[in-house]
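Both complexes below contain subunit A, partnered by subunit B and then by subunit C.
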Partner chain A sequence: MKSSITIKATLLAILSSATVAGVASAQNQPTNQEVPLNPFVPRPAANPEPAATPEREVQRPDARQPDTAANPPASPTTQPDFPADPDFSADPDNYAQARAASQLAGDESMGPDQPEVTKRRKKGPPVVIKHPIVLAAPTAHLLPAAVIYSSTSLDTGGGFGSKFKVGLGDVGEFGIETTDRVRFIAGAGLDPETIQPLLLASFKMGIGEDRLFEHQPALALGFRKSFETKHNDFDIRVAAIELVASKTLGPVSIHAGGVFWDASLASRFSGDDAIVLHDYGTKRQIRPIAGLQASPFKDSQLLVDIYWVPRFDLSTDTAREKISLRPALSWGVRYNVGKSVSIESGVRVPDIGEANLLDAQIFGQLTFSSSKLRDALGVGE
Partner chain B sequence: MSISHKYTCALVCALGLLSARAQPASAEATQEKQPRVVTTASAWLPEAGTVFLMGGFDQTIRPSGYASIGLGGVAELGLSLDRQRSEPGQEAKLALAHFKMGTPEGFGHRFVPAVALSYRKTLPSEIQFISLSDTFEVAVLGAVISKRMGPVSLHIGAELFSAEDETSGKSLNKVIRPTLGLEWHPADLPLTTLVADMHWLPGNSNESESGDALLDTRWNAAWGVRYQSLDWASIDLNLRLQEGESISEAIITLGLTGSFSVLNPELSLERAQDN
Partner chain C sequence: MKAIVTALSLLLATRVSFAEPEVKTIPSGRLFLMPVADVVGPYRLSLSYEGSLLKEPGVLSSAGVLAVGIGDLAQLEYRHTSAIGIQGQSAPLPAVGVQIKLPIPQLAYLPDLALAYRLGIAHDEEEGQDKVTERVTDVYGVARFRLPRKIRIHLGLRLSQAEISLRETELSETLWLPALGLEIPVSERSIAIAEVAAAPKFSLDSNGDPLVESGFTARMGLRWRVHPQFSFDASAGYLSSDSAGPSEVLEWDIRLGAEFFVAWDSLTCRSLQLFCEKERK
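Take a look at the complex of A and B:
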């Protein structure tokens, strides 16, 4: 029965995220029937040089220019995680100019002037989307307003994780996710097992890089909280506050910050009080987090991060040790397959404190982002 | 059908859909820059979106295989099926997932070799299609550098092992062993490459002084020839020998290797032109 529920929940998560984000991104894919000179309709690159090259002539935007789409920098400070369309400038008047020029040349292929009401609706400039997470650790980058982001991962241990996020007004981000990072040891001599599905809601707010002053890193404060989950006759809850700063230095992005966890473990059948992490001192709750992204090529990034997650351990007799934070190391790559799709893969070591090589897992992750909702709502015009 | 089998089905379907867009990869990718020498990992990484498929049989018609995909030119994700003689007269089937990331040769400076960090791990038996009942679990963290010097490519590395045999309770924890690989591309035989490599794998049980049951590592050597029959495919004929075996017990393997560009052939072509 439990397995059946897990399967249904997993399939539901896959279907929902794939349907919303995948279909939306698919609608962004170019077709031969698109109006060819509309500067905001993606099409296959005739000139494959992208907007941002690996050599990246870094032109830092003026201070107080956020790196989000509502107020995009004149030139991106670095390669966006999902590259902008290389063929078209961000100038929304290009289409009208191109059509006027073609009409002067006697070319009616772009059609005669139409009444104002029938003109193609102008879309905002291309959005620069930076990933809100490295592999496990959060970044301080926020999704642009009304941009949808979805990722689904599998690993060799059968672990499954999925995230669905939406950008709020260029200063916030809301998300729902299911994770396989939190582990549970049911008794002495038993291997850790993942708590699945562990459903969490998340909210992150912050400011973009160079927003307040030049060289200011992006800053974000995030909060994640699980829905109450039942596992092995226990009620489990976790919550975390994350404070992160991100700075882009040419082809490298550095992320550093801290996470403050709380967690509770309550037996469903005994009358004992719940074991709560915050009863045993703040020092047991705070841990550093760090991440590094490097872009040796324009479509790919090398990623490494360290993050801490709670572990519930029933093999110990002391209540204090039943909940602890364990360091998880992840390394891997992100490959941008298309304008809105990327594949991430790598290795995650769930507890580097134990240094058990057999415990590490290889994972693959598919990520979609879509600005279709943003365009439909007219955000950024 | 278990959920893990559904994952596997979904993965196979996804690979099938990707294959529908496949195009043959370059001859260089197939012949000169293969992710394995024979059985040892090289530091070469497939081009972005390039799929490597290798399949073969030994003299007793036991299959082996290798499939991987290049991610962004900086990583490789794949699966392999191989055999390892864990004890005299016994064989362990090793179905492994692997991930390798690194930088290509000449990255930053023309004398810089290709560098790669890899991790291989046996798949849990419940997610394998065919019941591979072996309980021999292996995890290998490896680092390797590869350098092309004229007609010769040299691969040198080291691997850190952990292994566990649940049936016997034997284990092997954090043992480091070297790896070595050599490829020779004769100038007068442009379609032919001579290959040889050596690496260690867990096996050959011993007992420690304390009486604990332990696994040990045994060297595995392989050598053979690769013939580039098509631009995108090659035929491999190899001989494999393991520590403790006589030459009469060596395994002869005949394999076919193909490589195809999927996902985004335009990007692969563009990167090749950049290089």
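Take a look at the complex of A and C:
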């Protein structure tokens, strides 16, 4: 198809300069043997085309030469020849009429293919999409420009999480998500409950692997911040800065970094000041994060990560302990169902500090990615 | 005479050696917060706008710039200048102004320079039951240093006349506000931008009287040239308020923005039959 397009484009360029001048003089001659203006339109039956072979298209320019002995002018030229107008390439009306006529005559060689030359948009090379998160912990991989990523998860604890991200210029990523990871203990002796819906916006930027030097890991700096959420008469906000490095070593990807959390708990009815995590020192805000991805098979991955999330605890009397960061462990598998769909399943332990396996949840997650927007914007061509 | 010729030859050689190919995209007149030493160009109009998602729940603070290119060296603009409002939030204050790019040869060791004057327009904020009126008028000087690999450093100095009135009290302060910006191309269509800029900060003292001082803002993000006439901005940033330090991550915000470039001569030619001469030429 590509070679056909190239040939036709070449023919168009040659013929537009070589034949228009000669043909233009015949434009106003209303005879049955009128020469069509469009160089791609086959001649009428009086000048039959050669048989439909691949060489036929190559021979077409010769067939268009009006002044050769094999192709005499369709009618005597009574008007002076006009110089070829470089801007004049085709008359769409005549083209349509002549194409219809040629199709009636059984000649399909030029008609159907031609509009595709202009309508079909060239696609860029296929994009490689690396997942921006392991299971809970972020990776340093960024979505390619204008690639859309969406994942939705459900777990046995009734939790629901969803993420929507879009790649920005191959070096950034913006996302909106709702998470069920942040938990709240309403009082002494009560089980932790998830704060839902906790809506967050995120922005991450960084550089890919080997961009600055060989063996350089991918690096990303991300920021996430929640919209204010009301839960049990409290206004809750959380925010985090994440710095992550990712390195791919054959079938294994290693992710390591740190997260810097801040959180606020404000009573909606008492006049007390809000309790904020940063009031108690940066040591209570910084935690390490780590993740591992292994691909034993082409479309399957084993995943494990450790991530820290805030927990609000009203069962303690001291303000300092009301907000703390708790380590969450997740492990599971990812299976790429197709080019743009994957499913994940595994186990989450929301607080491995308490070693309570009864608190663990089994989750399922469905992830989509799409490069349609990228193709539409012409990014990567 | 010989020395002059030698010096000119060296100058030309330097220019040839260090001059970089011009970027084929339309230059923007700003980073996220600070202006840059460039103008949008003749017969062009730039419309940029950005909004904060998360600085304060329920509040979408936003800022924009409308710039009309006047020849190669000037632009008229209506913009929101950066300032920190009385509630510790971003309070973009409207201003109209003109920015002029000084006609300096593009040599590697000479920065681009631009000067801007912005006449502030009064902006009202609410503090409890009271109405606070704020206004900032600026003279801005900015330099752009071109480094290899198309890295750009921007240095700015803003002389601001900041005024605030609350109840019967009016206060006006003159502030010198520096700014520093960095542009690093990170892909064919994207640049990373980091900037730190001082800004007028309005607040109340312990007696409840208005106060004008300088605060600072910092942003880091990217500009993605989706199309030569359209770019998309995304950034995270910090705005100093009363109690916050940069470690107070809750005070950071995410801003999204976009900038359009329009050839205004073609619009006026089609609608009003004005400025059509360029096409005829």
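Just so it is clear, the second predicted complex is superposed on the first by the 264 of 381 C-alpha atoms of A that agree within 3 Å, B and C clash if a C-alpha of one lies under 4 Å from a C-alpha of the other, contacts with A are read in each partner's own complex, and residues count from 1 in each chain.
Criterion: a contact is a pair of C-beta atoms (placed from the backbone, for glycine too) under 8 Å apart; a residue touches a chain by one contact, two chains touch by 3 or more.
Just so we're clear, the structure is a prediction, and the values are computed from it rather than from any experiment.
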Problem set entry | Joint occupancy of subunit A by subunit B and subunit C, clash or fit | fit
Exercise. Is A:G157 contacted by the first partner subunit B, the second partner subunit C, both or neither?
Worked result: first
Problem set entry | Which superposed partner A:G364 touches (first subunit B, second subunit C, both, neither) | first
For this session: Examine A:L168 and indicate which partner it touches, taking first as subunit B and second as subunit C; both and neither are also allowed.
Result: second
Exercise. Of the partners subunit B and subunit C, which touch A:F227 in the superposed model: first, second, both, neither?
Worked result: second
For this session: Would you sort A:R334 into first (subunit B), second (subunit C), both or neither based on which partner it touches?
Result: first
Exercise. Is A:F297 contacted by the first partner subunit B, the second partner subunit C, both or neither?
Worked result: first
Exercise. Is A:D262 contacted by the first partner subunit B, the second partner subunit C, both or neither?
Worked result: second
For this session: Considering only C-alpha atoms, give the closest distance between subunit B and subunit C in the superposition, rounded to the nearest Å.
Result: 27
Problem set entry | Touching both subunit C and subunit B, counted on subunit A across the two superposed complexes | none
For this session: Please give the residue numbers of subunit B that touch subunit A in the complex, ascending.
Result: 3-4, 6-7, 11, 48-49, 71-75, 77, 97-99, 101, 103, 107, 117, 119, 121, 123-124, 126-127, 137, 139-141, 160-164, 174, 263-264, 266-267, 270-271
Seminar exercise, completed: subunit C contacts subunit A in the complex at 53-54, 57-58, 186-187, 189-190, 192, 220-227, 232, 234-236, 247-250, 252-254, 256
Exercise. Inside the complex, what are the residues of subunit A that reach subunit C?
Worked result: 145-146, 168-172, 174, 201-203, 205, 207, 221, 223, 225-228, 237-241, 260-264, 276, 278, 282, 285, 377, 379
For this session: Over in the complex, which subunit A residues touch subunit B? Could you list them?
Result: 3, 6-7, 10, 44-45, 48, 154, 156-158, 160, 296-297, 299-302, 331-338, 343, 345-347, 355-358, 360-362, 364
